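Okay, so chain A shows up in both of these, paired with chain B first and chain C after.
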Partner chain A sequence: MPGELVEAPIEVYRFDPATDKAPRYERHVLSLAPHTPVLTALLRIRAEEDPTLSLRYSCRSAICGSCAMLINSKSRLACQTPIGPEIERHGRIVVDPMRNQPVLRDLVTEMTPFWSQYRRIEPHLIADPAHPMPEGRPTSMTPAQVERFRETPRCIACAACYSACPAVEADPMFPGPMALAKLYRFVVDPRDGATRERLVRIQPNGLWLCLRCHLCTEACPKGVRPSERIMDLKELAIAAQGATDPGSRHAVAFKENIRERGVLNELKLARQTAGTAGFLAQLPQGVRIARRKPELSKTPPTIAGKEEVEKLYEALDDGGSSA
Partner chain B sequence: MRRHDVVVVGAGLAGQRAALAAVGAGADVAIVSKLHPLRSHSGAAQGGINAAVGAEDSVDTHIYDTVKGSDYLGDQDAIEFFCREAGPTVVEMEHFGTIFSRGDDGSLARRPFGGAGFPRTIYAADRTGLALLQALYERLGTEPFTLYEEWDLTSLIVRDERCQGIVGFDRRTGSFEPIAAKAVVIATGPAGRIYGRTTNAHTCTGDGIAAAYRAGAFLKDMEFVQFHPTALLESAILITEGARGEGGILKNGKGERFMSRYAPHVLELASRDVVSRAIWTEVKEGRGFPGDFVHLELMHLGRERIESRLEEICDFSRKFAGIDPVVEPIPVMPAQHYMMGGVGTNIQGATNIPGLFAAGEAACVSIHGANRLGGNSLLETLVFGKQAGIAAAAYARTAADPSIVVADGKAEAARIETMVRRPDGEDPATIRVDLQRLMDAQVGIYRDFATLADALAKLKALKARYAKVRVRDGSKAFNLNLVEALEAGNMLDLAETIIVGAIARTESRGAHARTDHPKRDDAGWMRHTLAAYARDGPKLSYAPVAYTRWEPKERVY
Partner chain C sequence: MKVAYYPGCVAQESGKELDMATRWVAPRLGIELVDFPNFSCCGSGFIDEANPTLNVALNARNLAIAEKAGLDLLTVCSTCQGMLALANDRLADPAMRGRVDGALSQIGVTYRGTTKVTHLLKVLTESIGPEKLRALVKRPLTGLKVGAFYGCHLLRPADRVGSESAEEPHSFEDLITALGATPVMYRGRVMCCGFPILFVKEGTANRIAGRQLEDAKAHGAHALATPCPLCHLSLDAYQNKAEKAVGQDLDLPVFHLPQLVGLALGATPGELGLPRHLVDTESALRHIGAVAVPT
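So, the complex of A and B:
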């Protein structure tokens, strides 16, 4: 293909835990067309300069999910990230292994925790004895049922979302965006017989640990938009079980709390979320916080223009989300 | 010492389906795969899976289309079995959880595909392989089996005239480990990467086919290599036949819908060999666009249809070629796509070596004959994967315990260390690149004796260079340099069988087009090529084609 070549400085993370004391970056400068994918650049480094560079890759067309890595600190698929815009923005390309996973060598990470979380959500159809599969023919599905699958079948399990997720970093019990998006895929499947059980099981140490930062949706190379699927799950979870988990109680309490005065009443929120007994158990911690930030221990005054807030709530009740 | 009843090598659709069947038959099963199962190349299949389930369609028509598509080299008994299994196979995959595209009435949606008399290709947008792979993996995950993940197959152990196990290379530890098995199923997919311009993944290096070949299995019909008509120019990324099934058209540099000259009845929906030769001819005769390509136009289908039914290729075109198919044509050229040939098997997946079975693209039953129809390969992986799994489990039930010992791993380690460790030598990458250039240039869509004979001489030279291959990476964990050396050896062996088979076959049939022998020769060549390993190159023999009901006719689309 015609076009000018650019000088591409590429700095690649190198580390062999068996022999190296510490990681290092190796710098290569290649002349490449701007649309060249980072994966192609890395494979050229392997073929022409250093065959000891280790990474995972296979299809080179964003369907196998092998080559997720950090490219200038963002979790991306190397095969579909062109070098041109990266060079323009950052002047160089820094390549690191994914986050939230130990490094096995160079860009190859330990993905066992990621796969364990995927297995945790029981990623398979669970038979519904009341509605067995039709014998000898496929299940029929309405267009509305099919529509609920729109994003989730695109997932290629590349773990870019898992790498980008601060909730995974904070708490390894958190299933991570991919597993939850996969759970959503089964929850909305009309062939599955365990919708309610799935929604109940995922709440403790699970669903409500999501921080709603949407970094997974930013990272996802396939448009699965995991954070939106997580919000969908939260709504379905409350619908299935009511606000009984501390996480869902917190979400519902948050909503009701702000509605009262148009501003968050932290003191009351703690009681609403944890219940009276839980509130008392947290009291020593509460006192410590109140000493540092006295304004949190007082009930705030109702804000001016609260009627505008009420209008927002009414709009939300008409078709919005509580989670 | 690791021991299993059945070891399946390869974790794509064929391997997983074999494993599921073998577990179902009560066997203790292990899967050995160099990729995580969900990363398998089956997931890259786009267009769909054939099953004659429509009211206007029939299994007989599917059989006939497949026989004709094979240019009468497919075994008709196998094709009949295959097409009869299609409907139940698709239903089973739907019940496993596959998310297929649907019509407004809730039934499975179907699209027309090349060489097919009716719209019989059932699909999941344009990621049907991924949809099937996910559903099968999720179903298999409910069963007990052992997964050796990121293990390469280095050799099969054939002793006392039966296959008794394998030696694998564990990428994580860098060690060579024997696994005893009463039966082994090869399901490692194709060797498309022996070509540079291929739609195949980088990992499609034919490891299982090569190991079977070196262990004494016959390779069948290796000279038949399918070139997909429409791949992106620079990257050779596949643009599904579904794009033409949905109504996409091909135009040359003069704006002519040139397929009317090559397939006057069905135009763009002729079989792949026909369309690829047409594109090649247009470009070689100067009617391509500057830079040598043709256009695939989808714009007339409208944004909604393109973005919903051809979502992935829309994304691919935008991301990998900077082309938006909604508003502009996609520049395309043919690229290597599929191997009709492979480890020769019968309908049950059995090879000529007792205890060794094969399925999927690594195998050759043969149902595709000289040219595969789109939508038949996904079906093949599932139908014959299941057969191979059942047969392997049945064989394992009566087989004696293998006589594999720990020393078998040590011996393999020593063999490979001797092969690749030396103070001076050539990197496997340069040998691989030169092989790819050779195959692209001289063993492509059109072939002739002189070019092929020259290719064989060059291949021998590459093999001589490979004898001095050198692995520089001394690390244990994830030593890709060593993996690459093993893969290069496999690719060289398989390339040789393709070239030798192509030289010998002095006719044109399906995907094998000889300019010096342009006619099909049923009297001389209606037979399968069998290649057997020998130190100085493959020894060829031939086997008859199985006939049931369909007499050979001239093939017109």
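So, the complex of A and C:
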């Protein structure tokens, strides 16, 4: 019914590292229309109840990317998240700062690591000296060329993907979803002259740490679908450099492994990915597992119709990428 | 209910206990499993990284095998489920469709795109339903606190492969409740298990697994249950390494989804392959009065 208000219990994370020993949650109960954005609720708390609440925001229209935070433990833009469905689902709204970044104060995080990872991918066109850009007039692209990176320019660098990413959480080397999605945009840009160098540089301790869990695609408020752009990058990286990184070696070894029998040969895959030295390093754990799961050390049977699988490989896979 | 059973590689190899448990519970749930010796691997996401078109073609061939038999496909692995469902989604793109059809025609296979791919979890919660399931329970799992661990590819990307809200799924918790156990809600239930990079950077993968395990334990879980044998490998077979990575003893048993169902339906631990786990399940079995078979 229009005009109807809901009671919204809002629990806001508060922490000032300079004065507080530990974070705490402050509870406020507001009467709000269900379509009210969480950001509006927070600004009302700040205006009417506690002027010391710190948060980042600017446009209130999902354009500036400033107000990403955790709303009921999901990384979202506060300006784009209405309170109604949150209250319906959780009975309350718990607001925390983004994950994977140190807290400066309350809902404001230190975003320097996020921006450093972005700088690492050199987010600008790099000219190819052999093909200088025409002077005095813009270079043009065909609609098909632009279509290849249709989604990435929508990115507003809000860091919701970075906050949601379990690889970022576990490994400070991982560039994070946004940096990689932006890298994709330059790799497929026909005007960029550093495609191969970019693909070579991003692989060690970078591209292949993506888990393809798609949590970034779920978190992205603009439909950039970073995880899918990262999948595109992986294919391009193998095409450019072959199977040279542990990640690309594993992907290519897996593909070749299935070609042999149609199903996975687990033991052989470990050997193919890790090489002899790596395989030996993994041996104690392998033996430990194989004691309970003896199939691990046996060769699996070949599927019926294996020759059909072989023909699909012949038709669609040049096989040269494992070289 | 008659289905084309797609066990996937791991359930036929190191995760054989998943296949054992599936074959034990299926007839008791009125599911007839039809085997096809010509199914190939789903690519597990790795072939998709190396060659997405080949990945779709391999799965289109699998889907065509079920289509020809007039059966829908039943999976017991979140990753197989995701890869097969993704193939159906990608075949909507005319360019992909053209390349895949071209390759399939060389082996005399046509796929019209009619095969539905359903994970056992969905069959349990939707086709069978909690009511009927409750009536089949012989040994309610009362007192056992179980954390569901969904596995990424069952849920995401939601608009391509999902069958319920990826952010707030509840089918697994509904199932746990129907079996008489208590679901544990924790952040890690929809997170990644670390498996995809276990052979790329093991320490990072172990830390990710450890993070979810300690989260579940902190929320009071006696055990986890997963519909994905790859998550099972990362959470069970490598739990010793996850413990080291997070510097904490975890000792948290991890059940495959049909093992949990089997326990409630009265199976013995041996019938469900529980002695094959690396983390002893006895601490969880004690809560429900099921006696473990010595290994």
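Just so it is clear, the second predicted complex is superposed on the first by the 270 of 323 C-alpha atoms of A that agree within 3 Å, B and C clash if a C-alpha of one lies under 4 Å from a C-alpha of the other, contacts with A are read in each partner's own complex, and residues count from 1 in each chain.
Just so we're on the same page, contacts are C-beta pairs under 8 Å (C-beta built on N, C-alpha and C of every residue); 3 or more make two chains touch, one makes a residue touch a chain.
Model, not experiment: these values are computed from the prediction.
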Kindly classify A:97 by the partners it touches after superposition: chain B alone (first), chain C alone (second), both, or neither? neither
Could you tell me if A:225 is touching chain B, chain C, both of them or neither one (first, second, both, neither)? second
Which partner does A:209 contact after superposing on A: first (chain B), second (chain C), both, neither? second
Which holds for A:124: it touches chain B only (first), chain C only (second), both, or neither? first
In the superposed arrangement, which partner chain does A:176 touch: chain B (first), chain C (second), both, or neither? neither
If we overlay the two complexes on their shared chain A, which of chain B and chain C does A:106 touch? Say first, second, both or neither. first
Listed in rising order, the residues of chain A that touch chain C in the complex are 73-74, 89, 166-167, 169-171, 174, 205, 208-209, 211-215, 217-218, 225, 227-228, 231, 234-235, 238, 246-248, 250-252, 254-255, 258, 262-264, 266, 269-270, 273-274, 285, 288-289, 292-293, 295-296, 300, 303-305, 308-309, 311-313, 315-317, 321
Show me the residue ranges of chain B that touch chain A in the complex, using the header's touch definition. 35-36, 38-41, 43-44, 88, 90-91, 94-97, 99-102, 104-108, 124-125, 127, 130-131, 134, 138-139, 141-142, 172, 201-203, 233-235, 237-238, 291, 311-312, 315-316, 319-320, 322, 427-430, 433, 471-473, 475-481, 484
Show me the residue ranges of chain C that touch chain A in the complex, using the header's touch definition. 9-10, 12-16, 37-41, 43-54, 57-58, 61, 99, 102-104, 106-107, 109, 152, 156-158, 166-168, 187, 191-192, 194, 196-197, 199-201, 204, 207-208, 211, 237-238, 240-241, 275-278, 295
Can you name the residues of chain A that touch chain B in the complex? 1-2, 16-19, 35, 37, 43, 46-48, 51-55, 57-66, 80, 104-106, 108, 111, 115, 119, 123-125, 133, 136-143, 146, 149, 153-154, 156-157, 185, 189, 191
